[in-house]
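Going in written order, the chains are labelled A, B, C and D, and every chain counts its residues from 1.
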Amino acid sequence: MASKIKVKVKLNGDVAEVKSLMMHPMETGSRKDPDTGATIPAHHITQLTFTNNNEPVMIVNCSTAVSRDPYFSFNFAGAKAGDTFAVSWVDNKGESDSTEVVLT
Amino acid sequence: MQPGRRLFIRGVLALAALTAVPRALLAMAWPANAFGAVAASDAMNELFGTSQSTPSDAITLGAPEIAENGAVVPISIETSLPDVQSISVIVDKNPRPLAVSFEIPPGTQANVACRIKMGETSPVRAIVKTPDGLFSTEKEVKVTIGGCGG
Amino acid sequence: MNFRILFPLLAVSLLAAAPGPLLGLEVSRELPITADQAESAIKAAEAVRKRAAAAGNEWLQTGSLLEEAREAVSNEQWQRALERAQHATRQSELAIEQAERESTAWRERVVR
Amino acid sequence: MLNTLKLWSLALWLMWPAYAVGGPEEDRIAFQAYFQARFPEVPLSDYVNGIYALDENARQQWEQIEEFPPYEFAVEEGQLLFDRPFGNGRTYGDCFDNQGIGVRQDYPRFDPVLGEVVTLELAINQCRQLNGEPPYDYESNELVSLSAYMAWTSRGKKINVVIPEDPRALAAYESGKQFYYSKRGQLNFACSDCHVTSAGLYVRADHLSASLGHPSHFPVYRSKLGRMISLHSRFYGCIRDVRARPFEEQSIEYRNLEYFLTYMSNGLIINGPGARK
């Protein structure tokens, strides 16, 4: 399946401005299914890693209090056109997703 | 409740061991104990070894006064403090107060934004870790009952 | 202006929420309700619900009241079935009145 | 015979201005003027932003969501579906003007053959059936994603709903208008009670949006639900909220309502898909 991570990186000199959005339910574990009344188990991203040319530029540790379809933005220095920028996450069920873009 | 939670945390740790560790670049495993803490001070202790932080004007916390939607509260944190190692967000009145924690390698600017959930009106605190210690700022965000849209 | 909205709103919702006896509905306390009475009340409620629906204005709760009434019948709770059916009937009657009133009253609200 | 025809034409010609004066165009002008008089500080073009035209605090949060809006997934998915040919080799584009790109503003439209109002969602399903494909469920992700993509390609286009000189079209408009202004349900509310009379006021802790511009930004990603919803799904929610039994999506009632409501926003631009709480 195609990655459900979207990433937009804007180069501003050597500073990369990163915005990323990913599809994930981010279930809290305290919601109940409206039809069955059963508790929906927690299902959330635990850790996100952003790398530029394989060097980590940001690691985000998440709880269930990060909103559904999480969004993150940050800036890092030392980027240039042609760099390979990658985003990946793992969640509490061991699922994962990743994507990469070449900076322009 | 407790055994269940411990089991959950063990599960998470096991998963982290299985999936995350091979990625050698990870700085630190997911801090399960800090995220599992029910009291904000416990979350701080688990994450930093202390629950004390120094209020700082050098941190700007962007958060709405009244959240349009408790499920999606946009927040941003920016600081001019040097050598920032991490930025963490604590929502005191959430069932698990530690919401998110950004680990910031050298070269990355201390300027982050994300969207979080808030169960009720609560102080939102940004905790910034530097080699000089923990610094913080806070802002109260009101969460109201929605109208038809909410 | 707010009262113009609130007042009818309150009146209608109070009426609709009120239990049968308050509305002067015949809910006998002395004689036990028979299965026939309960079932004919449901039949009547269903008929008037259909009229409200045909007027394009069935209320939200009416269907579930009728469902509760039928469930009560299957549990042989005739009194409960009758009350639910009568509540549903009253809702549909009010809905039909509302639709009839609105068939002309809406014109006064048109932005001119 | 010829004279009779001429007489009729003359009569129609004489009647036309009278019809126009009491008709949809006069309604639209009055509708837009009402909001402009009510909120003189809000530019007409801002009504496409719904509640965010009237609620500054909520607007700031919405603008942050728009930095990277969650509906982008639906737009992407919609484009994939839109470009994928049917089993017979034809495509959605073949069913629409301009290959379906930038046409959202022309919907809903009156179909003289069917004699009914056809919304974009209905037209998408008609296109599928015409090409031997089963229609989508109106609440399906596929349909709402296709609609999101088609709105996306129409951003900036002026809404241009046409009511042709056909008594059935006018009747459809009038029926939508009656629906809009009629009180219904146990709470005894008309659409206009909230979104005209009380626009900008509180309903519990939220502000009520103005109807002007309502149809410009659908479908929308509801963060409460974590998915995209259609305009008719929003109608469904509103009708349920006033405690009336809602109609089904794409029912004739909702299509006529959309026809009236969208006509009221003629001249504003399409800015869908949108993001809402």
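To be clear about the criterion, contacts are C-beta pairs under 8 Å (C-beta built on N, C-alpha and C of every residue); 3 or more make two chains touch, one makes a residue touch a chain.
For clarity, every value in this text was computed on a predicted model and none was experimentally measured.
Determine which two chains are connected by the greatest number of contacting C-beta pairs.
A-B
Comparing centres built from CA atoms, which chain ends up most distant from chain A?
If we average the C-alpha coordinates per chain, C ends up farthest from chain A.
Report the inter-centroid distance (CA atoms only) between chain A and chain B in whole Å.
Taking the mean C-alpha position of each chain, the two centres sit 16 Å apart.
Could you please state the distance in Å, as a whole number, between where the Cα atoms of chain B are centred and where those of chain C are centred?
Computed from C-alpha means, the inter-chain centre distance equals 51 Å.
Whole-Å distance, chain C centre to chain D centre, using C-alpha means?
33
Do you know which chain D residues sit against two or more other chains?
Answer for chain D, listing residues that touch two or more other chains: 67, 223.
Would you please write down the residue numbers of chain A that are in contact with two or more other chains?
Chain A, residues with two or more chain partners: 67-68, 71, 73.
Under the stated touch criterion, can you name all the chain pairs that qualify?
Those chain pairs which touch are A-B, A-D, B-D, C-D.
What residues on chain C touch chain D, complex-wise?
The contact residues of chain C facing chain D are 1-2, 5, 8-9, 12-13, 16, 53, 56-63, 91, 94-95, 98-99, 101-102, 105-107, 109-112.
If we count contacts the way the header does, which residues on chain A are in touch with chain D in the complex?
Touching chain D from chain A are residues 4, 6, 8, 19-21, 23, 25, 67-69, 71, 73.
For chain B, which residues count as touching chain D in their complex?
Touching chain D: residues 64-69, 71-74, 76, 113, 115, 144-150 of chain B.
Taking the touch rule as given, give the residues of chain B at its contact with chain A in the complex, in rising order.
My answer: residues 8, 11-12, 15-16, 18-20, 23, 25-28, 30-31, 35, 71-73, 76, 91, 94-96, 98-105, 107-109, 111-118.
Quick check on the complex: what are the chain D residues that touch chain C?
The touching residues are 27, 30-31, 34, 177-179, 181-190, 192-193, 196-198, 240, 243-246, 253.
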